[in-house]
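First, the structure itself, so that you have it in front of you.
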């Protein structure tokens, strides 16, 4: 064994039969909150990482892939996004991507767990890059579903940036038909949402079920793919909208809109992952995934929720 | 811990700092050949798997992704592939994909390790599905590089289906400029090659170096992506040709050609992964990968080879 | 990593916080019986191993330590053991040690799981070394507790050779006061029993509880220690008797009795672990273990059983 | 998997085929010194632990076993220990055990790595319990072998408290015949030494070789055993002397001497592991270990050193 090999490892158990190992240099923060276990790890291969309930959320090395893939499909598909709501989003990187858009006037982020936000601001400041301090942004700690049920404000874009549904975890009831029905009520007529929906490996029960469930609520539902290396498996996302179709924008128009995003700082002012070509290519599913999406019929309901292994 | 969780695990050490864990139900075959260590594992999550020198090569669950992604970009880009050469290809699945094409008259596969082929035929018959017995196919056990150096036959398509370069491993000198110069001499005027070129995670030193090296030899060099879940990380491939450009075929034309492939058996006669849309989408690289390909300048030479961690 | 390092590992989870890793060369046999999961592994470090419900039972390399430590303290302490009963004992090595004694006229072994015995005879023949065929031996597959409850035969020595108590496992009700009360009824006036009672690491809840429980039933209760490397932790055993005290034999007398055991074969005819000095030394507990035994008061009852992590 | 199970693990690779896993709650300190890698871990099962070059040295939960087993056999065997030398001993717990003896006038500890001592004093204060501040103690950072070669002071007891010999590690030349010849020159006429000598598992190449090597230098050489759970395997120690024999003291006399050690604090003033019975019992080796000691003939020399896997 070479001297440089890691001797302390974090294992993300992706399934009862599969895991991904990350060499750990330091455990920067670790606590059990009211809602979940938080670990912030300094890994050897991916830099700092946020781990919730034993599952990798995002890493210094490639969180830009996850967050750009999550946010820009919705923000670019909506013709003029002014009001944006974030379900979850604790790390602050989703806000960072949203406030790039000059059209945005108001961002409301509701995360149930204040301790995740505080730990992220302290230990992972590159994720938010000051975006929490943007004057357009409001952050509150609350059950996002109940917030949307009780507050009648309407948004152009809603980004659902939550962890996977694990038994008794905080995201459990944020994947159901009933929740998406609340979401659609809080969207304007051209409203667009995006969310991550689990791995595309295996029989993709999560991705297909979320897809089917969204189709009962939204007229436009478009699954798309991104590979975030630190996730250990390829990943699926879904865009759903009340009308706008991501495919109606040309590659050139997407690149033009991206070029117009302000680039205050050299390093972070520009997108690192997303571009016009990808805006189209990411929606092209391999045949076996397309077919799996079509053949599964599970609808997720409050009384019949899904959960993934953890 | 649930009763169903695996208690025996194979670890593929992707780097000194990262690994992927596979629950093992059975070790079907294990030997040290003259060239490498072979393990054929019955895994809980991916079915049977071929492991060479401790690195996952392909799994029952998703080898179709790897082999379709490796073979069809070349076979569809060449206008009329008749003679095909395979460097390596021990599992036999690459032959399986090639002999689907009615235009093919001759397939020569040269793998250095007869024991890999024999173990694959015995334990992994679904990989080759009888293709070794196709009358157009010739298999020999030899150093593929020396074979190409010494035999002047010319091919339309050459598929380089080898394991990653590990120190003293059998694929060590099949990633160099000198080898690609031999390959190009054995290609007809519209010759096309494809190969796998390592993960797209991290700073992708392997993928970028192979890309740069191929560009010193071929006029057309096009990297592309595929996600094979059992690999534990997203993966890069490269198509290179003496002229034909994969982008010149329309999506519809690709789908038409695929439709014309004979479908003798219901299950295996049709492609499971590849289609016309993917033929284009897979060549669209995320911005950070595109940029990494452009900024690295390493050329791989016999005197200056590359190797990956194992 | 050196080429010789194992890449497939079995983990015995000794506690939620601790495990022992064994490099695996082959999985010789694996099944789920009505009672438990059986795995017979060819390990790199310990040769063949029997694993039940994910917990190491015995290994080719050091089962002689476990079985000699389990059997001889009782057989040597009883003045003239003729009738011996084995609770469990599936591997057959406990029989092997018992039939060494010329005084033995009858051995009854009752194991609940016929599949363990059959797999052991097939894959681990060195454990029993033909002892199953000894004419004095009777083996039956049945609940040993119920057997003892229903059969009034009396024994000189009873060896309890069972796995640790895991939730819903087959040994669950073989560690309770009620069971030991049955055992004592089936012992002759100088009857002696021995059993393994879990690790001596940590706060030894199992060992101390079994000790306390036995003390409610037997006048002589003597804990002792043995280190079986493949167990990953130091181990505790207990001898209990209706009268005979292991300390009353001199070291020399123990050695003399061992010398009188017939040594038919050179290799296996003689003891490899046990001797007169050890007969005394093993009962000397470190101060912290002695004190832990004294301070814990838990009594194990059918309604209040114990279980260990698995 | 239960919520309480560790998800971050340290693995001590005991051999190429075996390891022990420790759940890690926190990495308190980690550095690469000029001599070795230091990690101080907060484990879930053993409290704080010192790890050098990837190998467990001692844990909060059971370092008392290791240090009492290392120190007291020598201190009790010498009739009147006044001057004590420690080779290594960085954690300070060996000093702690030595200064219990009122007869001790001078303790010299020479450890090559000041950073180990400083990290231990800061993160593991329970190990030394203020003993570094005892006025009889002198600590210096130097090559202990060269120190003994160059300084002609004579000692009653020398405790060799060093890590296992790993390739290029700091303890490499502290296991050789040449070193023990230096040690014997620095011992008074009734001088006694003790040291740890590796696991008793397997073919015990380290323990047997150290035993044979010591026998070429000392008239009395007595191996003994202790089980330190956090070591993952049973462990061997050796006492060697110029004359005093540990067996010549009665159990009662040992207990009397221990009773006379001052017990300033309730918790730490008394021994937790060692007592008169153990003083004798620990020297009783199982038959297979006794025989392995006798059959191996390897002598360790500067030109022919040993090393263990790490």
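In order of appearance the chains are A, B, C and D, and numbering begins at 1 in each one.
Following the convention adopted for this analysis, a contact is a pair of C-beta atoms (placed from the backbone, for glycine too) under 8 Å apart; a residue touches a chain by one contact, two chains touch by 3 or more.
This structure is a prediction, so every number in the text was calculated from the model and none was measured.
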Chain pair equivalent in interface to A-D, over half of contacts matched, among A-B, C-D or B-C: B-C
Fraction-based call for subunit B against subunit A, same above half, different below: same
C-D or B-C - the one linked by more C-beta pairs in contact: C-D
Euclidean distance of C-alpha centroids - subunit B vs subunit C, Å: 53
Centroid distance [mean C-alpha coordinates] between subunit D and subunit C, Å: 32
Two or more partner chains touched - positions in subunit D: 1-2, 5, 9, 11
Touch list for subunit B against partner subunit C, complex: 1, 3, 7-11, 13, 24-27, 30, 37, 39, 41, 51, 54, 310
Residues of subunit D that touch subunit C when the two form their complex: 2, 4-6, 9, 11, 15-23, 43-46, 61-62, 64-65, 199-202, 225, 227, 229, 232-234, 271-275, 277-278, 280-282, 284, 286-288
